[in-house]
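As structure tokens, here come the structures.
Each of the next two complexes has chain A plus one other chain: chain B in the first, chain C in the second.
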Partner chain A sequence: MQRYKIVFGGAMGAGKSQAITSLSDIHVLATEALNTDEHAHSKLLTTVGIDYGEIALDAETCIGLYGTPGQDRFSFIWPIIGEGALGIIILLDHSAANPVADLDMYINDFSKTSTNLIIGITHVDMKPERPISIYRDWLTARQLLYPLFSIDARVKDDVLLLVETMIAKLEAEDAY
Partner chain B sequence: MSIQVKTKRVPPEAFIRQAEASIQQLMGNVAGIQNVILASTDGFELCSVQRNDQVQGSKLAAVSSSILALVQAFLGEIQFTGCQSMTLEAENGKAIIAAVNSTNHPMLLVITTSKSVLLGHLLHALKACTQELALYDQQLSQPQ
Partner chain C sequence: MSSTPDQFNICIVGLSVANMTVLRQLCRQIIPQQYEIRWVNVADPDLDFLIIDTDFVQARSIQNILSYHPVPVLKIVRYPSVAQNICDDTLYLPVNNIALLSNWINSHLFDAHHQKKLTVTTSERPVETPQPAQPDLHLFERLHGKTLGLVKLIDAKGILGVADTAQELFWPSPRLSMARPVDHTLGIAHSTNRELQEMSAQSHDLKQWLWDLVWHSPSYTSLLSATDCVQLVGWPQPAADRDRHDVLQLSARLHQQALTAQQLAEQTQIDVSRVQLFTSALVASGLAKTIPSYQNSHPVPKAVASEIAVQDSKKRMGFLSKLRHQFGL
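Here is the complex of A and B:
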């Protein structure tokens, strides 16, 4: 069996742990602690180490799903977890105070670890007045062509779309 | 009608002052301790007493919270429970990360020491210190 690794990075509260839980075939290993930074996010628990889940794409292919803590004080662990990954899925919370600044930060950081980045925008329904185009505009202005989707991290097919896009992108790059 | 009593997620100032005094006492009782940092389990430095200013408390708090969470997850996978502390031995010193099992505010202590510290003495004093901190937190945390 071939084993690969995909990393979920991005903003606190964007749904990284939920995305892995939605997708994983196994019980997810989590490293959560009480969230004491209620200014950043009101959620009760937050990932401080890694999340780990697995999904079998077919009988011959298994993908390890690694989640990272979102807060930049944990940025020391991002390149460690990202080592050897097929690519990195960056999740952003559309309802956050400044999600474009978040995009900037995570692209800058994770692009040092991997060139294969996929962007997922979550919680779009919580801020409907804010256009999704702000992310594409930001990427286009910097001539970045990363695939970008709005997703619901609770929906397995939505998260699977990000994973399949990453693999299709790799296959396309290999073909050239 | 049920009443839900909640405490604030960050321990009160009175606890922090008491914790600093406890840490000073620990450092006075055990020779060889260089730095002690009290952190929340989500990686924020709450207070510290440092004799070696080369240590960046905020960074150490974040790294230590990750390590403790990872080790606890690992032990959970092998059905081990109640991880209270871990000791890391390097060529030039030791580092210990110990859980402060307070119900209201779970925390951890990070201790760095010289190579020559008496480990048994340190672990005994550290256990008393973490228990004392958990008790203070219980006494000093006010309902929200």
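Here is the complex of A and C:
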């Protein structure tokens, strides 16, 4: 059996668990606990371990979908989960207090593990006056180029856009 | 783009969308068809004619521009009680008698333009052959300057929306379909908060919106040539339709290295004119820039890879193909 891995990392409340649920063939194994960090996000439950979903391509090929816990006190586990992944999808909550600081933290951590990073910005409608250019400007200032899209993590097609981007990047790498 | 003898660069400042549309139509009606009209910003160095609400004439920025770049100025007053009248270079709306406006334009604009034309000819510049109107990359460069503040995007069919160039946000007109293509009549003009309030409440990312606009406007295909080398600086977000596959393929290739539309077309087997529209949309939206071709190093041929690497690559390509199939991508 060939096993591959796609990792969903990023901020607490950005929609990682929802994104995995929208793709997974199996019931997602979640390790949620009562959220005691209301300063970071107001949601009731949060992931404290790993979310796990699966896509079975055929009898010999399977993709594990791994969601990392968002809180930075769990950052020690991010590189362990990200190791060997086809790509890492970083989800950021646009309505968070300082999403650019979140971008900085997750890019710094996950870029050590993978070069195939895709960024999804969620909850854009909750903060329409905040421009998307803040993320582009941050990346440009550091001469970084990662795909960056506004998405709704509850919408399967939006999550598939991130997955297809990851595939397209891998195919382009293979072509050279 | 510099002004040519067969072209008028006109700017309208401070008027409502409705009045602006009417005046643009009247100008087009009055100015003979052999003259192309470009709708430009007031700061355009090739400005030929300014139409402006009287409330804005004394603004310091306008007076500064007119002091070093004097052009015919038609002031507009919105008092219906004295309609049909032009007095002291001031037009009172609404325009019910086009002859008065036509006379004013003939006596002011054509005299000024005739002098300009003489200057151009006597300076022994070659007389340019009239060209079909071409889309203008300079227009987009100005939009990315972040210094224009609030501007509206307009074309012959009306207003497309209002952009905040500093914040890179765009509010489309509520009457606008996102897919509506535009042509060379696309222009920008200063806007106001009042106009902004008439737009859709939902804001969009300006660069992404410009990319969508040009990507759906085939007349912009030749904005860049097929041999212009393009370097990606941000990925465009494709719509959830049949375009997605091509857009991601092309973006992923450009992510690897700077390429020309011709090279991209060869690598992806996508029609070169479609790729040219893609690169034109990227550069117009500020998601890519053109670079000199000598900075474009060709990729290392795959043939030098080891046998093991080739096998691994084949296995991965097979897997990616299965993954695409699974999700119908």
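One rule holds in what follows: the second predicted complex is superposed on the first by the 166 of 176 C-alpha atoms of A that agree within 3 Å, B and C clash if a C-alpha of one lies under 4 Å from a C-alpha of the other, contacts with A are read in each partner's own complex, and residues count from 1 in each chain.
In this section, a contact is a pair of C-beta atoms (placed from the backbone, for glycine too) under 8 Å apart; a residue touches a chain by one contact, two chains touch by 3 or more.
Just so we're clear, the structure is a prediction, and the values are computed from it rather than from any experiment.
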Side-by-side fit of chain B and chain C on chain A, or clash: fit
Which partner, chain B or chain C, touches more chain A residues: C
Partner chain(s) touched by A:M12 [first = chain B, second = chain C, both, neither]: neither
Contacts of A:I55 with chain B and chain C, given as first, second, both or neither: second
Contacts of A:L162 with chain B and chain C, given as first, second, both or neither: neither
Which of chain B and chain C A:L148 touches, first, second, both or neither: second
Touching partner for A:I107 - first (chain B), second (chain C), both, neither: neither
Partner chain(s) touched by A:I77 [first = chain B, second = chain C, both, neither]: first
Where the C-alpha centre of chain A sits as vertex, the angle toward chain B and chain C in the overlay (nearest 10 degrees): 150
Which superposed partner A:L92 touches (first chain B, second chain C, both, neither): neither
Lowest inter-chain C-alpha distance for chain C and chain B in the superposed arrangement, angstrom: 26
Shared contact residues on chain A - chain B and chain C: none
Chain B-facing residues of chain A, complex: 29-38, 46, 48-50, 69, 71, 73-74, 76-77
Touching residues (chain side chain C, partner chain A) in the complex: 167-169, 202-203, 205-208, 232-235, 237-238, 240, 244-245, 248-249, 251-253, 255-256, 267, 299-300, 302, 313, 316-317, 319-320, 322-324, 326-327, 329
Of chain B, residues touching chain A in the complex: 9-10, 40-44, 58-59, 62-63, 65-67, 69-70, 72-73, 77, 105-106
Of chain A, residues touching chain C in the complex: 2, 4, 55, 57-58, 61, 63, 125, 128-129, 131-133, 136, 139-140, 145, 147-150, 157-158, 160-161, 163-165, 167-176
